[in-house]
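Per-chain residue numbering starts at 1, and chain names A, B, C, D and E are given in the order in which the chains are listed.
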Amino acid sequence: MQVAKVRGTVVSTQKEPTLQGVKFLLVQLVDQGGNLLSDYEVAADTVGAGVDEWVLISRGSGARHVINSEKRPIDAAVIAIIDTITVDGERLYVK
Amino acid sequence: MQVAKVRGTVVSTQKEPTLQGVKFLLVQLVDQGGNLLSDYEVAADTVGAGVDEWVLISRGSGARHVINSEKRPIDAAVIAIIDTITVDGERLYVK
Amino acid sequence: MQVAKVRGTVVSTQKEPTLQGVKFLLVQLVDQGGNLLSDYEVAADTVGAGVDEWVLISRGSGARHVINSEKRPIDAAVIAIIDTITVDGERLYVK
Amino acid sequence: MQVAKVRGTVVSTQKEPTLQGVKFLLVQLVDQGGNLLSDYEVAADTVGAGVDEWVLISRGSGARHVINSEKRPIDAAVIAIIDTITVDGERLYVK
Amino acid sequence: MQVAKVRGTVVSTQKEPTLQGVKFLLVQLVDQGGNLLSDYEVAADTVGAGVDEWVLISRGSGARHVINSEKRPIDAAVIAIIDTITVDGERLYVK
């Protein structure tokens, strides 16, 4: 999984029928020093993440193992809102 | 998922039998600032996207979860036409 | 999918038993301007592509959805020989 | 698989229900000369790896083949703690 | 698939139970001109490849289609030992 920061939302009305009701968040990836990378992902959200929160994203087929998503054509999902990240015994991030 | 802009089409007559009738769009990836990247994808389209529209693409096995595509040898699909993208409370894109 | 140009072949006798009879093509990826990239792929071919032809390749689990390949340990396949690529209304490639 | 060094942990309380009890390690990838890369992964751990140990990580759907993880939305897992790495007959790493 | 050269081995005793008896090779990727890249992969080997041999590796779920590996948490496998690579009618590699 990768660490990412929620930056915004993507809205669509004309889409695959199975995507009705799915919330798409634009999340920006974070490097291991805690800095924002230029890479982003548009991820389905089922855990209720909000803008500026740090989250874990899962990509590929793993994203379809979140609730009610087995049949959805998604390749990225928010799977957790991060509380703390600890590296070498030091806190890198606290919510 | 990634944000991409529809740029054109790819046509083939000699292909896997299960690909008959599938429309292939050439889409160019967009970075999180809204600029075109050099990366592209040839994606199957089932939502009816047109040239210059911004779309969401799903890659990997997720692409085969669009309608009637479970058995097709595809690894990318257009899953939604984007209406709006909002980043940090500002509109980055409006259709 | 990505656009690639067929450059050559890879031959092996000592291999997984399920790969008997599979033809492996060395294909070089093409960027969206039609130029050869340094990236290549060794792809299973079931559509009969020849050297110098431009093809569509599918990677990952999608590659195993070509004919008779469900049980083969492959991660890339040629799925179509390209006739034309059109970008912004202009022909980028004609076979 | 890739070689990685365990650097820390990621903790989350608000997450997908299937992730209860899963330990998430932050691991940093190691290049083939034994140096730390800037790339990291947050990987589920079921083998009991500790900080500073070198491990093998599996990414993608393979990560869900570790014990009790078939239904979890994960895309990376620690699958082994490394004892030795030998390259060209020389020991690159000994635990 | 990618072309790689076998460089060494990775040994582990504390690992997922399904990995007992699996041989892990450290293989270094080869570019299309035949030069070694800095990228490597730790790949399960079932075809009996030895150090310095050139092999084809399959990554992702394809790796689990080698013999007896369906349930193993691996994401890369050696699937063939290469005899010859021919590019533009010239031999790039002969075993």
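Quick note on the criterion: contacts are C-beta pairs under 8 Å (C-beta built on N, C-alpha and C of every residue); 3 or more make two chains touch, one makes a residue touch a chain.
Predicted model only: the values in this text are computed from it and were never measured.
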| item | value |
| --- | --- |
| Angle of the C-alpha superposing rotation, chain A to chain D, to the nearest 5 degrees | 70 |
| Approximate Å spacing (C-alpha centroids) for the pair chain A, chain E | 32 |
| Between chain E and chain C, distance of the C-alpha-averaged centres to the nearest whole Å | 20 |
| Multi-chain contact sites of chain A, meaning residues that touch two or more partners | 60-61, 63-64 |
| Running round the ring (origin chain A, first step to chain B), the chains in order | A, B, C, E, D |
| Complex contact set, residues of chain B against chain A | 1-3, 31-32, 46-48, 56, 58-67, 77, 79-89, 92 |
| Complex contacts: residues of chain A adjacent to chain B | 7-19, 24, 26, 28, 38, 40-43, 51, 60-61, 63-64, 71-76 |
